[in-house]
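Encoded as structure tokens, the structure appears first; notes follow it.
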Amino acid sequence: MNSKAYNLFLKDFRSELRTRYAINALAMFIIVAISVILFSIGNEKINENLTAGLFWVVIFFTAMSGLSRAFVSEEERGTTLTLQLIASPTTVFSGKLIFNVILVFAMNAIIALLYGTLFEDFVIKNFLLFLATFVLGNIGLAVSSTIIAAIIAKAGAKGTLYPVLSFPILLPLILTCVQLTLFSFDGTSFDKSKFELAIVVSYDVIMITVSYLLFDFIWQE
Amino acid sequence: MSNYSLEVTQLTKYFGRRLIFSNLNFKFVDNGIYGVSGPNGSGKSTLVKILAGIIGANKGKVTHSINGNEIIEEKIHNHIGFVSPYLVLYEEFSAEENLMMFAKIRGVEYNKQRVDYLFEKFLLLKRKDDFVKTYSSGMKQRLKFIFALMHSPQLIILDEPTSNLDDEGKNSVYEIIREEGKKNIILIASNERNDLELCSETIFLENYKQITG
Amino acid sequence: MVWKIFLFLLLAFVSVAGIAFPIVEKPSAWYEFPFIPGLEENAKIIFFHVPTAWVTVIAFLMSTVFSFRYLKNKNLDDDLKSYVAAQLGMVFCILATVTGAVWAKFAWGAFWSWDPRQTSIFALLLIYGAWFALRSSIESEEKRATLSSVYSIIAFVTVPFFIFVMPRIMTGLHPGSADDTNLGPVVNFKMNSNMLLIFFLSLIGFTILYFWMWQVGYKSLIYKEKIQKQLLRG
């Protein structure tokens, strides 16, 4: 099963290399979003709270601009039926999830690098905590975005509905991640961030479970 | 050659509150060619999609079994070949790339010999390295047959198999249907007289429009 | 019919009693409410704010249960039931938000201060706003029912996070918050017995009202569909 999902991911990856739909759009989106923020800040000095918040705001909207393609592109091209004929729902969801996880990690790494160089207050004191937040947050973000993308694609709704549906689902994750990012700026120890980390871990676990359970219903019309 | 059987019991399907068919019962045990017929909008495509496990029914059961053992839902897709006007292959890849990817995603061996034989049969051998987006609609239709047959499925479902095809294409389709019909179960959903003449048994969906039991 | 009159009398009594009964230092008559420090006259809104919030919770719980049932049985009636419950839930959710904001203005000084429960109810409004937006974007009844059921279950599993996450991230003002020693009028029974009686009568009244409204809403949708079908045939 794993190799099937991996091969499905490879198909998407090669298709992406040929068409470059998501990569181009995401790269441009990141540049635009960060420059808008930099312009509006100007010479003002912003505090850590705002930096951490803006970091996840950019991540959220970047995800919303690109991650729905995983399913929407299949539905647009009419290849959903083809996928249904060659793979079980579990394989399809796993393949799409791998693709989105990798996409999320790539884009968030770029966003983090840009923030690190461009924002004075983006100074991480507890790097390991930041890394843990980054990894766990990305997984949660990818899972929720993928399952909502599947709903959006089947609903035949255009892009506007995607952030609307995703935001309330991602809200607890994003709020906790903002908090954890702040902790990593302050140099708070792992021990004191246990509660928040536990929330992110359980969010990831619950979302993965629910997504796999419900995907069959979405996929089988 | 294969001991595949397809059994349908008490199958009922609604779209919203509109009845498509109800209480459909049949069983295909022997290899051969079977047909589903009915006017436009009578639910032929819906029925074959339910049989292939792509959409669910409201009531009833579809059982696929091989050598007497029921196949679990997660695995049915590897025993089925499916051709339909709604089927679309990936246009940014070549025909052969498409088929190789599909074999990998299915988790089965890519049988190059068989695929080349099928390319030959459907007169596409010279064009197999071209992107699918350069294909005409008739060529795409023929490619769908290769897609449906490449993994030697035991149940072949053909929804309007001869649409978009010229006479030459139709002939190769009929030839291969007769050939495969000896080894496997073939189900044709169509209104074309020529298509239905091949079938040994035909289900008329118009007969299942009453709400019963 | 009898119970409708009963419900009318009950809610009429609760409204009149809740608004008109005076608050005094030492209640002696049966119609007098006790003076609760920090709440004063504002306390009266409790008879309307808490029941609307309570009904919101029942409605959304019911909507999720019917969504779940729809996925299990694929019966479109369950989807209608879920839809009607969510509609009413939305109405009561707005009422709870507004009465809460009014109360907050007088008790805490501002209409809105992102208290954990305010944030949660805001998230609830967002979830169901999104849910209705999703429903209205889908033509096919079955698809609409399936996708909105799936979404409501996904949304439902995020609710516990709001309950656990919010109080940690922001300081609470509602009674019962993590850093609040004053448990509030409901939790530690600062209300005297007649106040409690009217409070619970109001809870019961609003609950019955909700179930009645839900039934009427559901029936009207069924009739609407029947009429549409007949018009199509005729």
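Just so it is clear, A, B and C label the chains in written order, and each chain counts residues from 1 on its own.
By our rule, a contact is a pair of C-beta atoms (placed from the backbone, for glycine too) under 8 Å apart; a residue touches a chain by one contact, two chains touch by 3 or more.
A quick note: this is a predicted structure, and the numbers were derived from the prediction, not measured.
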item	value
Central chain of the complex, centres being mean CA coordinates	A
Centroid-based (C-alpha) most distant chain relative to chain A	B
B-C compared against A-C, more contacting pairs	A-C
Centre-to-centre distance between chain B and chain A (centres being mean Cα positions), rounded to whole Å	38
Distance from chain C to chain B - Cα centre to Cα centre, in angstrom	51
Geometric centre distance via CA averages, chain C-chain A, whole Å	33
Numbers and ranges of chain B residues touching at least 2 other chains	56
In chain A, residues with contacts to at least two other chains	221
Where chain C touches two or more other chains at once, by residue number	142
Residue ranges of chain A touching chain B (in the complex, touch as defined)	1, 3-4, 7-8, 10-11, 14-15, 18-19, 77-79, 81-82, 84-91, 95, 220-221
Contact set on chain B toward chain C in their complex	15-17, 56, 58
Touch list for chain B against partner chain A, complex	52-56, 73-75, 77, 80, 82, 84, 86-93, 101-102, 104-107, 147
Contact footprint of chain C on chain A as seen in their complex	144, 147-148, 151, 154-157, 161, 164-165, 167-169, 171-173, 175-176, 179, 195-196, 199, 203, 206-207, 210-211, 214, 217-218, 221
Chain A contact footprint on chain C (complex, rising order)	71, 123, 126-127, 129-130, 133-134, 137-138, 142-143, 146-147, 149-151, 153-155, 157-158, 161-162, 164-166, 168-169
